[in-house]
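Below you'll find the structures, each written out as structure tokens.
Both of the next two complexes hold chain A, though its partner changes from chain B to chain C.
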Partner chain A sequence: MQLTDFSFLFAFLPLSYLVYLLLVRQKIKTSTLNVYLLVISLLFYAAQGFSSLFILVFILLWNWFCAGAIEYDLTQRANPSLADGSALDPAENMEAPNLGSQTGAINPAGSIRAAKSAAGFHALPAARQTLWLCVGVNLLILLLYKYLPTWLAPFGFASRWISQFVMPIGLSFYMFSSLSYVFDVYNQKAKTCSLVNFGLFTAFFGRVIMGPIGHYAQFKDQLDDHPVTRRAKRYGAVLFLQGMFYKVMLADNLALIFAGLETNTSWLGTWLLAVSYTLQLYFDFMGYSRMARGLASLFGFQIPQNFDKPYTALSIQEFWRRWHISLTDWFREYIYIPLGGNRVSQSRWVLNLFVVWLLTGIWHGPTLPFFVWGILQGGLILAEHKLYGNALNKAPAWTRHLYVMVLVMISWTIFFSPTIGMAFARIGRMFFVGIEGFSNSQAMFYLVHGLILLAAAIFCATNLPKKATHWITVHVPLNKGLLGAFGYGLGLVICLAMLISQTSQAFLYTAF
Partner chain B sequence: MKSMKSDRTPHITRFQKYLYTLLMTVLCLFMVLNLIVPDQLRSEVENRPLASFPAITLESLSSGKFARQFNDYVSDQFLGRNSLFHIDYLFRKLCGQREIDDVFLGKNALLQNPAQPKDGFPNSQVEAINAFASQTGLPATVLVAPSAASIQPGKLPMDAPVNEENSALDAVYNSLTTNKADVRQSLASHQNEYIYYRTDHHWTSLGAKYGAQALLESFGVTMNPDDFDSLKVSDTFEGTLANKTGAVGLQDDISICPDKYQTEYVVTWNDGSKTASIYNQDALKHKDQYQVFLGANQGLIHIETLSNSNENLLLFKDSYANSMIQFLLPYYRNIYIVDPRYFYEDIGYVMAAGNITQLAFVFSYNNFMTDPSLRDVLETQIAKDQAKAQSGAEISAEPPAQEQPSEQPASSQEQTDEKSDASEPSQSEDQPAQDEQPSEGNSSLEDTPESQPASDPSKNSAKSEAANLQSQTGSKRS
Partner chain C sequence: MPSKFKNPYAYGQAILLVILVLFLISSFFQGSIHSTASFAQVESAVLAAVDQNQYPKQDNLKIRRLFSLDPYLAKNIGLYRISNGMEGSEMVLVEYDPSQKDQIEQAMKDRQSLQKSIYEGYAPDQAELVDGAVIDFQDNYGLYYVGADPQKVDQAFRQAIKGN
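Up next, the complex of A and B:
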């Protein structure tokens, strides 16, 4: 089920929300509301099929269990008097928060220790052993479902065996959210929580499919208190509608230009292809993220923004502070900083940088173009630091903006090309190498007839909509509330018309 | 409700004050309305049955099939679905889009982008036709009707990236060993006339007339275009392309062209019923008014005329030929019309029983280049004949009715099985959905001639043979 499916919009969402409001009106306590939200989130995800649901539930249980064990181990370490193995029973250890009461007769530390023993982790401290084991199992699942099917495709028998592992939708997103919880517990930035709260944090139906990736330490307080205020409801509706407009009106139509030009080999056609994908990817992903934030707000949660006008950035570093913020934050917080960040030697810092960007590339997909794309981002950031950062800072803003957009479009060209050969061929054509002419009728057709769409998309990718809204607020002497309702209402009708007239194109980022 | 103290929500602007009410009203209102309003079984606009509430089974729930089917159900039964198509069209057009779902929004016309031939498929189609024609030894003609986009490029939007079809058609005509009725030149010379519908993928009666002229010419018959009247029967036709795009403000005229000599004939339809007209007046009251020509697509139709001709034509065709039949009536004694997409019977029997003297193949470019039904029907017959020849069985000159009864069920079954494996017809604009019934009780637009063939005693034997033929071949779309 997608957020733009009619079954979601006109059955799942209104029904589940009306029941939720009814429960809120009955002054049901937050923990019970969370149970309800977790149940409907699992139902939402079950629409993908039970096998996908099984993986999600397994990851939830495994990571929650491991986090409990990690916290227990950390408590043991902080209190050496409890180091004796006989004291590891949580029922006897009142210092182990939450875990004892949540697991009942289960002794997670004991079970995890047995598993670690089998894995030969004895040399590491207990909590770190558990962490490695936990991450290892997660990575194994990711490897099995996301990477091996592609990597083993050339090998006959292995390929047939692995093809049965169909990747559950949103696996990379919810796995990273749940690992955030494990890492935060390990880093003692947060304490463990109930399985319900953890499940809701990870699998909330708004973001389980395509993020934004959750950062547990920042979000945990909301799990205990997420009032559905009038302002939150209004804000949620605004975000949800805006996200839908971006996704349906812009991204889905830009996808048509992209599809029409995929085989174009003219200079103009290749650039138009890159431009259309650059805008499509942004509005597709940003639109979804905004819808997810809107849904969260309707239920009283506030999820930080995932995009902050990235195409207005004046450097690649700034671009990555504005693009897919939740993923960048995740890698910085849980990979880059633990590796030492920039408080290490120069050579180690360069290594850290490339490790993080290689992992970012691999996170997006298993093929060579994603690897190259990730390395390229690391290389560009390194170059800005070490080669031309100062010169760039002194350059006029339009030059810096041009620099960013050209490099971003080249990067996306690598990103969307199925093979690295095709990517380089396209990049070559962007610079007149291997073109079959400056332009052709196909490129002109999509340029001329897509001009309004492209202009609207570029307008929306800048800060101009905010300025335009401000201008209208000041200068138009009409009832702003009614004007807004009319405008958004019209937009909603057009979105529904476009959705029903086509098979809604899947959100691009579900593939990652 | 919790206090406002813990509200972390950013402020909204004055424009956004009523949006929560708007969103929830729309979502809840349509949810309730969709529950209350009875479900529709079928969409005339989309020419397909609409999804009904899916069965809830453990298998469908566990595989995710239920959720997909439920989504289809909600969107199919959504109140105001057809109106939303029009809104979508208007918005896209307003935004400058000139292509929707492979249809170009041209100058006062909608034009379908020709299909890309499947790799190697046209060759196998041509080989099957060559082999079949050669095996029968009868004069045969192939006519592939070009698409409007290639004949009327002036109507296309500027720089429209149309799939090129001339080279593929050249290759087809060059490979054929039969006669060719290449109508491209003829249609191009009349491109400013009303030869293609503006809202439909078919050619008009005028376009079909030029097609018929070329077809008859290939058999050495000169058709006089002035021998046919043109009677407008509708000016409100909104065809398949209008339905596909949701276009508004475009309508077509439909004209029928009976011959001035009022050639009498009787039509035996696929279900065995008979009428004295090829025109289906009831179709004009429905969405797909093109069905005025020969009704819905059917596997086999037999037209027996009182013309002076001794020729019996076996015509393999798709819906493009439906509007062409009216121009062939005066020139044939019998016309057997086979639509291979819906034909599951024994073509050999039709050949023998109908005493066929000429073969014609009339298809649209898209179907000829992509649809395997014709090839499969022909290849099955070729294989059957070759098997007979190899087994040394003497091909009997006796009426096949004597040998058919024992053979018919097996061969029919065999062919049906093969088609279901290899050539399930794909749903396209000119194909009715599988559940569609052939039109019955086709009524004539014109007065039935007093001495209509159905009541002519001299025709009784031919009629009974035709009826026998129909009953042998039966209706494949029960």
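Up next, the complex of A and C:
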């Protein structure tokens, strides 16, 4: 079930929300409301099939038990009566976390030295053993379902054997959300919670399929209290409708341009392909994230935004502070900072940077283009830091913006190409290498017929809609509430009409 | 399992690991897949796994001529091949009612057998290609693929029909 399916829009959502509001009206306890939300979230996910539901439930139970075991071990270690002389647990020595600091939430130095001098895994503090076991099992499941089917595809028998394992939808997203709980408990940024609350945090139906990835320490307080105010309901409805508009009206139609130009080998066709994908990916994923945030708000939760107008960035570093924020935050918090961040030697910092970006590429997919794409992002960020960052800061804004957009489109070309050879061929054609003409009839067809759509998409990707809304609010002498209701109502009708006409496409980021 | 864990949560962890192993083992022996994915989604995923220049979509009426199969037996069907008698590469993607599965699958097998016997005479490399074809028919989706990397295409097909 997807958020744009009719079964969701006209059955699941209204029914589940109506029941929820009735429960709230009856002043049912928050803990009971959370049970209800968890049950409907699991029912939502059950539409994906038993195997997928099993994996989700396993991940929930496994990570919850592991976090409980870690907290138990940490509590035991804090007990001064334990005096077995083993290495100090790093969390025991950790100061209260400073969110503004770039130093690691874990101080690995002391415990790593002690561990090295002892007899490997078994000499590590129990909490750390449990952490490694927990992460290991999670990564094993990810490897089995997401990576091995592709990596073993060339090997006949193995391929047949591994083809039984088909990745459950949203696995990458909810696994990372649930691991944030484990890490936050290990780093003592949060205490363990009930299985229901943890399950709701990880598997809430609004974001279980495509995020945003949750950060437990930032979200935990809402699990104890998430009132459904009128403002939250209005905000949630607006966000949901905006997200649906971006997805159905823009992303799905841009997908048609992309599909039509995939085999085009003209210069214009290649650039149109890159532009259409650049916009399609953004509106598809941002649209979903907005719908997810809207759903969360309807039920009283606040999820931070996942995109902040990334195509207005003036550097690659800024781009990555605006794109898929929940993922970059996750990697920074749980990988980059524990590795030492930038508070290490120069060479170690460069290594940390490339490790994080390689992992980011791998997270997106199991094939070489994703790895190259990830490494490229790390390289560009490094280059901005070390080579031309100062010059870039002094350049006019329009050149900086052009620089970002060209590099982003080249990056996305690598991202969406099935093989690295095809990626390089397309990039070559962008710069007149290997083209079969400047343009052809197919490229012109999509340019002419897609011009308005592309212009609308570019408009919506900037800050102009906000400015336009503000202008209308100030200068148009009409009832703002009625105008807004009319606008959103019209948008909803058009979206539904497009969904009915079956021009809707699958959400792109479900592939990750 | 040890008789006594120090950490009470360890019992839960141990039980879960056993359940996981049993589940993974049982996954090897699962039956055919019934898909809820749309034909468009499956088609898109499978076409992404092949060189689309080699598999342009053909008129469904050709299915009747080439496969002796009424295309209207299926809910959705697509034939993808170059109109070139020297090339054995072709692909058929079909969504059907489970009751039609056997008939459609047999049509694919007959086609494979016919193509192989034709190519054996004058294009043994194409005959070999046809011999290595994927004929993967699940509960309501089927794939017949002749071409390079058959396992990769089959994997894409299976992932797509499972909705991923």
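Definition applied: the second predicted complex is superposed on the first by the 472 of 512 C-alpha atoms of A that agree within 3 Å, B and C clash if a C-alpha of one lies under 4 Å from a C-alpha of the other, contacts with A are read in each partner's own complex, and residues count from 1 in each chain.
FYI, a residue touches a chain if its C-beta (ideal position, glycine included) is under 8 Å from a C-beta of that chain, and two chains touch if they have at least 3 such contacts.
This structure is a prediction, so every number in the text was calculated from the model and none was measured.
Aligning the shared chain A places chain B and chain C in steric conflict. After overlaying the two complexes on the shared chain, residue contacts for A:G214 are found with neither chain B nor chain C. Contacts of A:V228 after superposition on the shared chain: chain B is touched, whereas chain C is not. In the superposed pair of complexes, A:A126 makes contact with chain C only, with no contact to chain B. In the superposition on chain A, A:S7 makes contact with chain B only, not with chain C. When the two structures are aligned on the shared chain, A:Q48 is found in touch with chain B and with chain C. With both structures placed on the common chain, the touch criterion links A:G199 to neither chain B nor chain C. By the touch criterion defined above, A:E262 reaches chain C but does not reach chain B.
With both complexes superposed, B is the one of chain B and chain C in contact with more chain A residues. By the touch criterion defined above, A:G361 reaches neither chain B nor chain C.
Looking at chain A, you'll find residues 47-49, 51, 502 touch chain B in one structure and chain C in the other. The residues of chain B lying in touch with chain A in their complex are 1-4, 6-24, 26-28, 30-31, 34, 61-64, 66-67, 70-71, 73-75, 78, 81, 84-85, 87-89, 91-92, 95-99, 101, 157-161, 246. Interface of chain A with chain B (complex): residues 1, 5-11, 13-15, 17-18, 24-25, 27, 46-52, 222, 225-238, 240-241, 253, 256, 260, 297, 300, 302, 441-442, 444-445, 448-453, 456, 469, 472-473, 480-485, 487-489, 492-494, 496-502. Interface residues of chain A, counted against chain C in their complex, comprise 47-49, 51, 54, 58, 61-62, 65-66, 68-69, 72-73, 126, 130, 133, 137, 141, 144, 149-150, 153-156, 159-161, 163-169, 259, 262-263, 418, 502, 505-506, 510-511.
Across the complex, chain A is touched by residues 6-10, 12-13, 16-17, 19-20, 23-24, 27-28, 30, 36, 40-41, 44, 48-49, 52-53, 149, 151-152, 154-155, 158-159, 162-164 of chain C.
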